[in-house]
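Next up: the structures, one after another.
Each of the next two complexes has subunit A plus one other chain: subunit B in the first, subunit C in the second.
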Partner chain A sequence: MTWTNSPFRSLDARRLLSLVLIGAFVWSLSSVDWRGGIVHTGGGDALKDFPLALFPPELSPGFLKLGLIASWQTVVHAVAGITLAIIIGLPLGIIASGSLGKPGRVRMLVAAVMRFILAFMRSIHELIWAVLFVAAFGLSSLAAVLAIAIPYAGILGRIYSELLNDVSEGPLDGLRSAGASPAGVLIYGRMPMVLTDLLSYGFYRFECAIRAAAIMSFVGIRGLGFEIQLSLHDLKFAEVWTLLLFLFGLVLLVDYWSTSVRRSLNS
Partner chain B sequence: MSQYQNSSNRATHDINHSRFLVDGRGLSKVFGTLTAVSPLDIAIKAGERVALVGPSGSGKSTILYILAGLIPPDSGDLFLDSKSTVGLQPGRELSEFVGLIRQQLDLVPQLPVVQNVLAGRLGQWGLLRSLVSLFSARERDSVLATLSKLGIADKIDEPTSQLSGGEQQRVAIARLMLQAPKIILADEPVSSLDPARADEILRLLTGLADDIGGVMVASLHAPDLIREHFTRVIGLREGVLQFDIPSEELMPSVLEALYDLDQQPIPIS
Partner chain C sequence: MITDNSKLVEATRGLRGITFPRVSLYGFLVLSVVSWAYIIFGVDSGLGDLFTGRSWSNAGHFFSQLLGLEGGLTGGGRPAFFDLGRWGETGKLAYKTLMMSVLAIGLAGFGVLVTFLPAARNVSNGELGGSPSLALGVLYHVLRLFFAFTRAVPELIWAMVIVFFLSPGILPGAIALGLHNYGIVGKLSAEVVENMDPGPARALRSAGAGNIQMLAYGIIPQAMPHFLTYLLYRWEVVIRTTVVVGFVSAGGLGQEFRLNLSFFQYTDVFLIILWYLILVLAVDLLSAFLRRMVLVR
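So, the complex of A and B:
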């Protein structure tokens, strides 16, 4: 499933795809009502008020406490979601990489089916999964966690399978000639060779999961996004800014943490 | 060649040639339009040290990979220690008979030395044992003893990527020692080494073959090293056998003719 194997490899096909995309963009411009004005009545004031509300943001102890609780809920959803995504995504990715089992048609077929399943999992956006799971489990944390875990497992599984496939063959041949089975080659060769990449990518996805957990509010699950939505409805922009700063802080923290972990792994 | 595809003939063949550790008949390999190996017979007795010589693309590596079970031949039969390799799984079952060491060494750079050496045991270990050993090394004592023989016992816990080229070469040999196959194959084992170190590495490999009572087959170019460490030389050009002589008969003129690029290739009949 690498780019070089895709049907869009040839130059002509890529040019055609570019033309279609440019055409779609030009066509979309025609659907905008330019004469009626892009900004609706009162929208101009909102655009002005919003940036000004940053000075200062809402800093009352009560609201900060609310921000902290909302941040905590968001982090919990993200951590549980990405953990579950790794637990599901890694084995599925290993199967999709086709590096287990005897070489042959069965292995290729199983890998192709698994890639299809992974593609299905990630082609549906986490918000849509959230709607489905809220319908099933109600407005619970479980719905948020599953809504993150499933599409993210699809993404991680696909990336993991590519990483596992793209290692240099030399050390793998060495293990094979030393008598390693495909499973032996996986645990002694492929896994150690890509371990830091697997973790790095997991951390990167954790950052995305934080943002995904935050917007789960749009289907009513508690968290930072839920509070942002409430404050926006009340046009309390200062509160919105406080909450956005919390979100920004969270992403920075995750970024710092993942960088330090990766550095210690690489040394 | 067709007679060897007949099962009854294969049985007699099996008995008649049991004194050979390596017995390949009509082995061939074609990559696309390139003939890497034209049907070739190769039979090697225990105790022999065989050097493969020939210019790049002459099929030396392909032959070694076929013997190692890393690539299947297009045609022909291969018996290792009198057992047909047809039913044997590449890797696991073959590793008892053959081990391969390559110029690029094929170690896993991210693993510590001890694990790269223990990979020589993967053919004997089950999956669970292999997995457990990855976290708490089994048979550490035998690894330590092997590394001591090679003079790098102090490197046992270092990441393999931190070792020098010469040290990594010893790690690869240590892995082969733990694997202890009867047939030791070496693809250009000394081509990037200075003469003194090349001599030492070949001494270690032949010593290992002596200990096990097996054979060694290696591709290399240096005539003096061939005469010193090998008993037999096989010359190849474009996948076709050119000569098969005792190493003491290897005259410089023979090698010059083999490597002469202007010489017309011998037509494949």
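So, the complex of A and C:
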């Protein structure tokens, strides 16, 4: 092996980047407050008890039933959130893709503004939206659903607009030469071509929405996160593990469903 | 007229007849109708409130207080975001938040770096060097399960658990964020190794390279750019979540956000949202720049 082929040849961009990242990591360690110990009083015991509580988790029928109900509540909010996100995200995505209306400056400007709005919607975390909505409208399921729907519509809108723009122009030219309007091209050309991709990405986001719905407990919405919070406060770690496993199972189930759907759509 | 209909036909093929995606779609529609019914007719749906003038005027007051257009319970005064001193104070918290995100990505990256190789099937079964053994096979499944579990639990729930052990500050938050992202980046990195071109590794093996040499010359150079790209992508997601994790782990902007909200200091809340947007934008730009560095040699 010659020296020129060695990975230690020179400080190229990639290695420089690795060094920068390691440097940043070390730097960030220095901003941790190490004084007074990192484990707080009583934390040591909890740290020991918590992993042990997994053997066995709380498996009484009553608690399992509670876990199921909490899982259902989480699913309900996730499903409602993602459907609303699709309903909001699709039209916004279509506008942001600039495939509607006459070609020209106005259309480009509208598309650019819409892309900015979508970016804003998704740059604020769902829980911050939730906190703001609860402060504005009061605590309700609808506030939580809306809080999930807005950032997810921002993500879906962006992806949808990209998908709509990436279709091959051949079939569209065919429609155009037959005299189709931009709306006609969209409905009969672009939409059918990307329909499976739209669904597939929506299903993918559904899995993330489950996690988002679980943390809505923080603003007081019932579900798995809410019960985890309650059990933690009661120091019932075995119950916490049961609920964590419910969440794990739920995510696995949705993940499996969405992967199977996507696989059979794309095959 | 030339119309390429085959593409259109092909694209909608998966949704014709009784296929799995079709059944899933209908299943999902039923589920969404049931879910919406559950929420709308639930006790605390809040739907009724949407149609009362009072809740809209409350919301209006809230948002105009947020923007400092009307004095809130704290009685007017200058909005916090016109106060340079407040910018400075919250700037320090923004810096802490940024450090929390870097620390989280660093912890996740370090964890992945140590564990991603045995979590790749073609490493654990000895295809890429080493020799297969029962222990490696077990390790593979344990690691994959661990990735899936850490990934399934959201950052905020990890944070709720971890503040039970660790002193408040940026460390518990970073560990919570790190754990969740460890599962994500770990799975992706292991898959990179599984999908990579076995050519260089085999060539090295046949040239008599040892395990360490195979790793250094055959595997790492191929996997590294992907690994770094994933970390940078996740960093963009992490910076959005740091504030939320700060709600419980008491570090950085998140804690201040919560305090200000509960003391009705709404212009301060708005200032923190501004800082948050600045951080998100800065990290997005920086990460895009660094990712280009990984690609271009």
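The criterion applied here is as follows: the second predicted complex is superposed on the first by the 215 of 267 C-alpha atoms of A that agree within 3 Å, B and C clash if a C-alpha of one lies under 4 Å from a C-alpha of the other, contacts with A are read in each partner's own complex, and residues count from 1 in each chain.
The rule is short, and it goes like this: a residue touches a chain if its C-beta (ideal position, glycine included) is under 8 Å from a C-beta of that chain, and two chains touch if they have at least 3 such contacts.
Values in this document were obtained by computation on a predicted structure and should not be read as measured data.
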{"item": "Subunit B versus subunit C as contact partner of A:M108, first or second or both or neither", "value": "neither"}
{"item": "Partner chain(s) touched by A:L195 [first = subunit B, second = subunit C, both, neither]", "value": "both"}
{"item": "Touched partner set for A:G170, first subunit B, second subunit C, both or neither", "value": "both"}
{"item": "Touching partner for A:I187 - first (subunit B), second (subunit C), both, neither", "value": "first"}
{"item": "More subunit A residues in contact [subunit B versus subunit C]", "value": "C"}
{"item": "Partner chain in contact with A:L68 - subunit B first, subunit C second, else both or neither", "value": "neither"}
{"item": "Subunit B versus subunit C as contact partner of A:I228, first or second or both or neither", "value": "second"}
{"item": "Subunit B versus subunit C as contact partner of A:A178, first or second or both or neither", "value": "both"}
{"item": "Contact residues of subunit A, present in both the subunit B and the subunit C interface", "value": "170-171, 174-175, 177-178, 189, 192-193, 195"}
{"item": "Contacting residues of subunit A [partner subunit B, same complex]", "value": "102, 170-171, 173-181, 183-185, 187-189, 192-193, 195"}
{"item": "Touching residues (chain side subunit A, partner subunit C) in the complex", "value": "1, 7, 12-14, 16-18, 20-22, 24-25, 27-29, 31-33, 36-40, 43-44, 46-47, 50, 75-77, 79-80, 83, 123-125, 127-128, 131, 135-143, 145, 168, 170-171, 174-175, 177-178, 189, 192-196, 199, 203, 206, 211-212, 214-215, 218, 225, 228-229, 232, 240, 244, 247-248, 251-252, 257, 260-261, 264-265"}
{"item": "Residue ranges of subunit B in contact with subunit A within the complex", "value": "68-70, 89-92, 94-96, 98-100, 102, 104-111, 115, 119-125, 127, 130-131, 134, 172, 175-176, 179"}
{"item": "Subunit C - residues contacting subunit A, complex", "value": "1-5, 7-8, 11-12, 14-15, 19-21, 24-25, 28, 31-32, 34-36, 38-39, 42, 44-47, 49-50, 55, 58-59, 62-63, 95-96, 99-100, 102-103, 105-106, 109-110, 148-149, 151-154, 156-157, 160-161, 164-171, 174, 216-217, 220-221, 224-225, 228, 231, 240-241, 243-244, 247-248, 257, 261, 273, 276-277, 280-281, 290, 293-294, 296-297"}
